[in-house]
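I'd like to ask some things about the structure below.
As written, the chain order gives the labels A, B and C, with residue 1 at the start of each chain.
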Amino acid sequence: MTTAQAPGKAVRRFSLKKVLRESSVAQGLFLIGPTNTYLIVFMVIPLILVTVLSFLSRGTYGEVVYKFSIESYLRLFDPLYAKILGYSLLVGLLTTVLSLVIGYPMAYYIARAPARQRSLYLFLILLPFWTNFIIRIYAWIMILRSSGFLNSFLQWIGVIHEPLNILYTPTAVLIGMVYEFLPFMVLPLYTSLEKIENAQLEAAADLGAPPWKAFLRVTLPLSVPGMIAGTILVFIPAMGMFVVPDLMGGAKTMLIGNVIRNQFLTARDWPFGAAASMLLMFLTMVFTLYYTRKAGFGEELLL
Amino acid sequence: MSDFAVELRNVIKIFPTPEGGQVKAVDDVTIHIKQGEFFSLLGPSGCGKTTSLRLMAGFEWPTNGEVYIDGKLMGRTPPYLRPVNTVFQSYALFQHMTVFQNVAFGLEMEKVPKAGITRRVEEALEMVKLSGMGRRRPKQLSGGQQQRVALARALVKRPKVLLLDEPLGALDLKLRKEMQLELKALQEQVGITFVYVTHDQEEALTMSDRIAVMNKGKALQIGLPVEIYERPNCRFVADFIGETNFLSGTVKKVSKEKVTVFIPALSMEIDGIGHGSFSAGQNVAVSVRPEKIRLADDDGKPVSGLRGTENLLHGKVVTTAYIGSDTRVDLDLGHDVRIRAWEQNDISTLDPEAYYADGDAVRIYLPYENTLVLPEDVS
Amino acid sequence: MSEKKPALWLRIYTFLVYAYIYIPILILIIFSFNKQKLNIRWEGFTLEWYDKLFKDHQVLLATRNTLMIAFIATIVATVIGTMAALALQRYHFPGYGASETLMYIPIVIPEVVMGISLLAFFALIKFKLGLTTITLSHIAFNIPFVALVVRARLHGFDKSIEEASMDLGANELITFWRVTLPTIMPGVLSGAMLAFTLSLDDYVITYFTAGPGSTTLPLRIFSMVRFTVTPEVNALSALWVAVVFVILFISEYAQRRRA
C-alpha cells in the first residue's frame, strides 16, 4: 500500500539525516553535543585556567605575570590562612551537624504524617526559599543586631538590660547558615525516612524491641543514605559560602570563600586567589568522592 | 502481490551484550507467512520471537539475511515506510491524546482528509466495540479497553500485515479467553495476515492457522497446530507444547514401520514411530502424551480395545489427581522412572473401584503409533 | 512510614522549627510598613517605602535585567539540558561516562570557585563583563539542573510509544514533536522552573561576572542591605515574597485543574 517514497537523494552522497537516523550512537552524540561543548567552554576551560593561574605570580601592580611559581601555595601555609581554613571546615561541619540535629526530628515528623499532608509540609519548608537568599539573611540581620528585633523584645520583657552582641559574631554566622541550609538537609532525610516500610518497624516490635530501640536499630540505620545525601548538599556549599559571613559575620569571621573573593576583587592577587580556590576544590572533591562512594550518587538528590 | 505476506530468509540478528560480548537473538531463521494467515510465533522468553517480530516491523534491521513484506525486500526501511502495523504488548497508547486522536494518528500521517479520518476512526472503534469512547483518555480505560484501542489504531490503517506482540499478556484469564476468540473472528472478518507472538502454547494452538515454535533464536518447527502437537520434530517442541512423558534411550533397530529403542533406565525395549531418519546407536527421546496411554489393573484380566501393537509396561500408581473430566495418574515404573497418564472419566460413576487408588499395580499400554521417537535436540 | 500519631513533643518541636523558618520573613514584611526609618520600633503604618521603591531607578533597572537574564538563560538551558537528559538516559556513545561527570561539575563545585573561574576566563578572552557574561554564566549552571530534573522524569518513560508512532507512519522528527515531547513536557517544565528560580535568585556567580554597569535584583538587594538600610529593602523583600506566593499559588491551582 505504501509505495515507499524513496527520497530523491542519490544514495552515494553522504547524508547527515541518514547517519542520524540509522546510528543511535550518532543520535546520542548529537544530543549531548551542545551540553558538552558549552560546559567545556564555560566550565572546564575556566577551571583549567584557574589551575594554571594558581601557579603564576602577581606583578607589582596586581597584574598577572606569566612566571611559574608555587609561591601562592606556600602562602596558604601561613598560620593566618591555616586558621581561616580550619575555621571554614569548622563552620561547615557545625552547620552540617546542626542542620542534621535540628532537621532530623522534623523530617521524621513529616515522614510519619498522613500522606495527604506531607506534600503540604514539604511545600511549607520550601516556600520561603523561593524568596531571595539575601532577603532572608537581611531578615536575620534585622532580628539579631544590637538595635534589632530580638534585643528589643528581650529588653522589653525584661530578660536582659543591655543588648546582646550577636550580630557580627560567629554565632550569627551559624544561625544564618543553618537557616539557609536546613531544607537541603530535611528533604533528603525525609526521602530516606519515607521509604522505610512500616512492616520493618512492626517486625522489630514483634521481635521484642521497644520503640526507642526500634528507632536506634532500624529507623536510624535505614535513614543513613538520606543523612549522607544531606551532608553532601550542606557541607560543600557551606564551606565555600562567603555571603553569610560577609553580611552577618563582620570583619572577624572570614572563611575561605571570603579570602577567594577578596583576592579576586579587592586585593587583586589572582594567583593567590586561584591557589585558595584549588584548595577549596580539592577539599570538595575529596569529600564528594568519599561520600558518593559510600552512598552512590543520585536517587536521594533527584527529588 | 506475492504469495507470501511476510518472509524471513536466513535472518540472523546479533545484539551486543552490556558486558561487551554478543548474543544471537535470531539465528538463521527462515519463515514464509502466507497471505491472510493467522501465524503465531511461539516459544519461551528469550527465544527470539519478539525480535523476529520487530525485524518485520522495522524496529530492528537484520545483521544478516533478508526480510520481505509482500514480496518487497525491506532492507533498512524504517517502520514508518512499511505497510505493516504493530499492536504492542504494553499497548503504547499516547497518554496525552484522546482515544479518537490515538486512532486518528496513523491516518494523519497518511494525510487523509479530516472527513475521511472521522469516518474511518469511527468505523475502527465500532469494529473493536468501543464506539462512543472517542473522547476518553487512555488513563480512564480498563486494560481490555486499552488493548482494543491499540488494535483499532493499527487496523484503521488497513495494513497488509498486523503484528501483535503478546497483546493479551496483561489481561486476566477470562478476558484473555474472550479476546482470543474475538481476535480470531476479527482476523477472519478483516482478512489480513496476522503475525502473533505468544509464549502461551494453548493460545497459539487455539488461534493459529500455522505456528512456528522457536527456541534460542532458532525456528525449530513450523506447521499446523495439529502437526506441531502430534508430530513434534524434536524433544523441545514435544515438551513445550502440551504435556508429554519422556524416556531416554538409544536406537536399537530401524524398520519401515517402526523404530525400536532401548531404554536403559527400564532395561527394556520400546517400539515407536520415528518421523525422519534414525540410525542405530543414536541417542533419542521417546515421547508419549499422557492422554494416549491406556491403563488397566494388573490383575491378568484381558483389556478390550487393544490392537496388539502396544508396548506393555508395568507400574504402580503413586498419586492421582481428579480433574473432573479426567484423572491424572502419576505412575512409578521402577528404577526412579515416573510417567503420567490421563484417563478420561468417560463413565459417570461414584464407585471408588472404578478409579485408581494410590498403590494400585497397573498395566500400562503405550500404543506404538502414539510413541514418538525424537532426536534428543534439533540444536 | 507508619501513620500513627507521633509524640506531642515532636509536634511542638516541628512547629517551632517552622516558626524559626517563617518568623524572620514575617518580621521583614511587617516592618516594611513601619514609619520609622531605622527599623527599631514600630511607629506607624505607612506605604512611603513602597512608593520610594517604585521610583527607584536602580531597582527597576535591576528587575528588568534580572527577568531578562532569567528568561534567556532558562530557555537556552532548558533546550540544551533536555537534549542532554535524553542523550544520557537513552543512548550509549563513546564518552558517556565523561559527559555524565562533566554535567555534575557545576552542581558539585562551590559557587565561589565557579564565579572566579568565569571571571578569569572572561578576562583572558577579553570579553567585557556585562549582562551577556551574566547570562552565559547562568546558562552554564542551569543546564545540569535541567538535565537532572528531566532525567529523573525520564525514568519511567515507555519507549514503545515512540515505536508505535513510527509504526503508524511518523518519522523520527514528527515522533519527537508529537509524541515524545508532549509526554516529557511536565518534566521539562519542572526543569525550566528550577532553572528560572536559580537564575532569578543567583547572587554569587552573578556577582563575579557582572560588569560595573550591570546590576541584577540580588546584587541590588545586597548593596541595599550593606549600605542603605532603609525599610525600602523591606518593601522590596516583601514585594518579592508576595510575587512568589502569587506565582506559586497560580501554578498549584493550574496543576490541580489539569489533574
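Following the convention adopted for this analysis, contacts are C-beta pairs under 8 Å (C-beta built on N, C-alpha and C of every residue); 3 or more make two chains touch, one makes a residue touch a chain.
On a predicted model such as this, the values are computed, not experimentally measured, just so you know.
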If I rank B-C and A-C by number of C-beta contact pairs, which comes first?
A-C
Label of the chain whose CA centroid is most distant from the centroid of chain A:
B
Where the CA atoms of chain B average out and where those of chain C average out, how many Å apart are those spots?
57
Averaging only over C-alpha atoms, locate the centres of chain A and chain C and give their separation in whole Å.
15
Hunt down the residues of chain A that sit against at least two other chains at once, touch-wise.
21
Indicate the residues of chain B shared as contacts by at least two other chains.
78
Interfacial residue positions of chain B with respect to chain C in the complex
57-59, 78-80, 84-86, 88-90, 92-96, 105-106, 109-110, 150, 153-154, 157
Note which residues of chain C are touching chain B in the complex, please.
158, 160-161, 163-171, 174, 178-179, 182-183, 185
The chain C residues in contact with chain A across the complex are 1-4, 6, 10-11, 13-14, 17-18, 20-25, 27-28, 31, 38-41, 80-81, 83-84, 86-88, 90-96, 99, 102-106, 108-114, 116-121, 124, 136-137, 139-140, 143-144, 147-149, 151-152, 172, 197, 200-201, 203-204, 208, 217-218, 221-222, 225-226, 233-234, 236-237, 240-241, 244-245, 248
Under the definition above, what is the set of chain A residues touching chain C in their complex?
20-21, 24-25, 27-29, 31-32, 34-36, 38-40, 42-47, 49-50, 53, 102-103, 105-106, 108-115, 124-125, 127-128, 130-143, 147-149, 152, 179, 182, 193-194, 196, 198, 201-202, 236-237, 239-240, 242-243, 247, 256-257, 260-261, 264-265, 270, 273-274, 277, 280-281, 284-285, 288, 297, 301-302
